[in-house]
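Two complexes, one shared chain (subunit A), two partners (subunit B, subunit C).
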Partner chain A sequence: MKVYLAKWGATMAVTWSNLLVYRVNFILQSIAPLFVFLLVKLSLWYRIYEGQPGLIGGYSFGQMAAYHLWVMITGLLVFNGNSQRISEDIRLGRITSYLIYPFSLWEFHGAGFLARTLLQTGIAIFTIFAALALLGGRLESPSFGPFVLGLLLAILGGVFWFWINYWVGLVAFWLEETWTLMVMLQIVTYFLSGAIIPLELYPEWLRTILLYSPFPYIAYGPAQLMMGNLEGVGRAFLVLGFWALVASWFAQWVWRRGLRLYTAAGI
Partner chain B sequence: MGLAAGASALYGGRDLMIKRIKQYGSIYGAFVSTSFSEAMSFRAHFVLLIVMDLVFYGTHLWSIDILYDHIHLIGTWRREHLLFFASVMLAINQLTMTLVSENYWQFPLMIRTGNFDFHLVKPVSSIFLTFFRTIRPGSMFNMAFTAPAVVYFGLQVDLGFWAWIALPFGIVLGFLLQNSLEMLFSCAMFWMIDGTGVNFIRIEFQQLARWPDFVYPSMLRGALTYLVPVLLIGSAPVRFLLAPSDFWPILGLVVFLLFFWALLGFFWRMGLLAYESASS
Partner chain C sequence: MIHAQGLSKRFKSHQKAPGFKGAIQSFFDRQFETKTAIENFDLEVAPGEIIGLLGPNGAGKTTLMKMFTGIIVPSEGSLNVLGTVPHKRSRDFRKQIALVMGQKSQLWWDLPALDSFLLLQKYYEIDKKTFEHRLNELSELLNVTKLLRVHVRKLSLGERMKLELMSSLLHDPKIIFLDEPTIGLDLVAQKNIRDFLLNYHGETGVTLILTSHYMADIQALAKRVVLVLEGQKRFDDSLEAFAGILGGAKMVAFRFGSVVKRQDPFFEPFSPLWNAEGTRVELNIPEDRLRELGQQILRDYPVVDFHTENLPIERVMAQLLERPELL
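And then the complex of A and B:
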């Protein structure tokens, strides 16, 4: 067990060193979400509320700003996939190593995912403090219990997203390029998860369908919990947990099917 | 004699310019042709690229539509105004996606691997070779979505006759300004080697431009109009098209376009001096 964990640790260390090798790039990528939140989202919603006295979809301006802050934090914890690297490994025939080594492809990328999530958690903590410091008392500090639940749901969302990424990466057994598929999934997920506008503003029929999908629990669900709204928390964990299991099973199935096509010389 | 020499120099200069234009035209034709051949050999990817852009366009317009189900105005703009603005921005985005975007991702890779050396030894502008080498034929087909969307929302905001004439020029000017700025940002890759961070910032600036200028508070609006004029990309042409008397922003766009193009030349030369080939 100790040796096994050491492999995970070593892989995580390699991932960290890769991520931090170009520091300016790393810093630019880290501050970009806060930059967009402060410049685009706050400005846009401020202008919208200026011409609209009262609530929009049940949200005051302060609540809408808080919602988008927590959506941004959730995004940092969820969207940590690396399907591009998996596709490359397959296309160039590099996965042969994982077929021989006592550390499989999913374990290698799983360790990479964990390393990125830990790093992103640090960035998320910095972002929260920076946003609270910049916005002064205009944002309410979250209560501890619901906030931790929100974080846990976001991490579960991250696990779901890892398996989706892994699956998309494995599509390289059949397709020469997979990044388009990943970007498409990301756009759809952003839209359906409530990351652009809260789900209360969506048509009723769409919201009803979405409740059974994993999407609302990736951004909207954690953001609501972080804002102290505990309604539907059990359902959120159940539905997202179910979809994370389905995604992991499906990814492993795709892996087994894909291996039959693998020629070790690249696809 | 002096007059004859002057005329000869003038006509000689014109001939040379025509020759250069023909040379660049034929090179660009070869770029288009090779990009098409490459795209056609990866058909699934080709189709997915088209679908990916369409999904983005659809969700962006639908988000605005959903938002306006709950409000009447943003600033002074009604639903059809913002949808018209969004469709113009999508048309600019589609041009960028088709003609330039792929090259922003390839450029840092070329610097890192040293393949950029091959651009420097060719007798053509290295800016041209770097940013116009690869086009995305798949995205070109999405004009079948963006053009009707611009026309549809243009009809909704009752564009006048001259506005319809000016519309394609406005879109092209927006596209040119956006890419002058993005090429300028990309010069930073000479010093940073890995371009992920710069590409991230480039995309964040695209997000800023995706909303009309009046959305931003005055200080920020000033900075994003006069310092890094990303807000002129869409707001200048649309404001002019909606109210032709509001022509100052589009004049500003043209001036900034010339200024940033000159600045690009300067920073590009500085970048070339800093470039250390594959040893970097």
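And then the complex of A and C:
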């Protein structure tokens, strides 16, 4: 077990080193989420509330701003997939090295995902403090228990999203380009997970169906927990856990099928 | 060490006519073609051997390497490497092999090679003491101690190749597959890599399977040569036997004092290789006719200099590719 963890640790260390090579790139990547949140989302909702004072979908402007802040923090922890890199590795024959090393491709990408998630956690903490400092008393500070549950649900969402990304990346065994597939999936996920607008603004029938899908639990669910709303927390973990297991099983199955088609191009 | 019997590999690929029209056609009516890369291939390799896989581009050498290392799955036949089936890719198997790809880097491009080595130390579960010992030993042998902390992207191709080689040897593999290890390197760098491999083999007795388009690599390293043509094994014997396929022919080079007509039918049967000016020619002359033909050329042409040597392996190869029926 110790040996196994050391392999993951070393892969994470090398991923961090690689991410930190280009300093300007790293700094831009770190401050971009806060910048986008403050400039785009807040000013957009500010304008909407200006024309229609009161509640929208049960949210005051302050609550809506808080919701989007927590959705952004959740997004930092969840959307760290790297499907483009996986497909590129397959198409250009770069996975060859990981078929030779005694460390599998999914472990390599899993460790990379974990490394990026941990780094993003740091960025998320920085963003929370910066947002609280900039917005002063207009944002409610989260309470500890629900906040931790929200973080855990976001991490589970990250695991689910990792396997979905891995699966889409592996489609490169069959398709030459997986970029469009990933973009489509990402747009649908943003929309259905409540990352663009809260689910309260959707029709009732769609919300009922969505409760059995993984989507609400990777943005809307964690954001609600971070805002102190504990309703449906058990179901959130159960449904998302189930889908994460299905996604991991499916990705491994696709890997086994795809490997039979691999030609290791370019060597 | 390697037992292959009746090994075959077929690839299915889709065909597309050129241009936009071809793309539309291929979208609605996709034509597939099955290509046999390797057919009914048998091979036995004993521990400690150095084997050179020879053949033109597309002959199937690399496909063989990919099957031996477990990267691709054979379509037919049985294959056993180090007592196991390679494509099952057990961790134990992977710890005992190494693949050096001249055309593909295994090092992290944006980091110093040492970072990649430390990663490999963990992957191959090499304890710290052994790792440090091997690191020092190999970096001294390859003369790369000063390069370990330099970003890989800043190294020259020759320097990078040495480090690629080093990364494949850290875990002390029992069998090393080298696919074009000297491709693109200058003559000095090629020689350095060859000398190192020869020394390393002498010291460790590791099994080496090598493909290269540089015959000098094969000549310097391989004791045994396997020729692959269109996916089939056409020759498997010692390097000396390979050089002797053409019946002990000699290469004789003549230099002339004045220009000789290159189309002269006299030279045709001896695969002449002319210089651009038509003042120098290399001929493949059968050993038993050396005396007679030598005298005739000296008498009938303005020869100012000549010399004889054994047929270089390049020329054996070139002639076999032109006339495979000689095999």
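Note that the second predicted complex is superposed on the first by the 265 of 267 C-alpha atoms of A that agree within 3 Å, B and C clash if a C-alpha of one lies under 4 Å from a C-alpha of the other, contacts with A are read in each partner's own complex, and residues count from 1 in each chain.
One rule holds for everything that comes next: a residue touches a chain if its C-beta (ideal position, glycine included) is under 8 Å from a C-beta of that chain, and two chains touch if they have at least 3 such contacts.
A quick note: this is a predicted structure, and the numbers were derived from the prediction, not measured.
Looking at the shared chain after the overlay, A:Leu132 reaches neither subunit B nor subunit C. Comparing subunit C and subunit B on the residues of subunit A they touch gives the larger count to B. Residue contacts after overlaying the shared chain place A:Arg260 against subunit C, while subunit B stays out of touching range. By the document's definition of touching, neither partner reaches A:Ile155: not subunit B, not subunit C. In the superposition on chain A, A:Val233 contacts neither subunit B nor subunit C.
When the two complexes are overlaid on their common chain A, residue A:Thr96 makes contact with subunit C while staying clear of subunit B. Looking at subunit A, you'll find residues 21-22 touch subunit B in one structure and subunit C in the other. Put simply, subunit C touches subunit A in their complex at residues 11, 62, 65-66, 69-73, 89, 91, 94-95, 97-99, 101, 103-104, 106, 108, 110-111, 115-116, 118-125, 179. The residues of subunit B lying in touch with subunit A in their complex are 42, 44-45, 48-49, 51-52, 55-56, 59, 62-63, 66-67, 69-75, 192-198, 200-201, 204, 207-208, 211, 214-217, 220. On subunit A, the positions that touch subunit C within their shared complex are 3, 6-7, 9-11, 13-14, 17-18, 21-22, 93-94, 96-97, 99-103, 259-260, 262-264, 266-267.
Looking at the complex, you find that subunit A touches subunit B at residues 21-22, 24-29, 32, 35-36, 39-40, 43-44, 46-48, 51-52, 56-57, 175-177, 180-181, 183-184, 187-188, 190-191, 196-197, 201-203.
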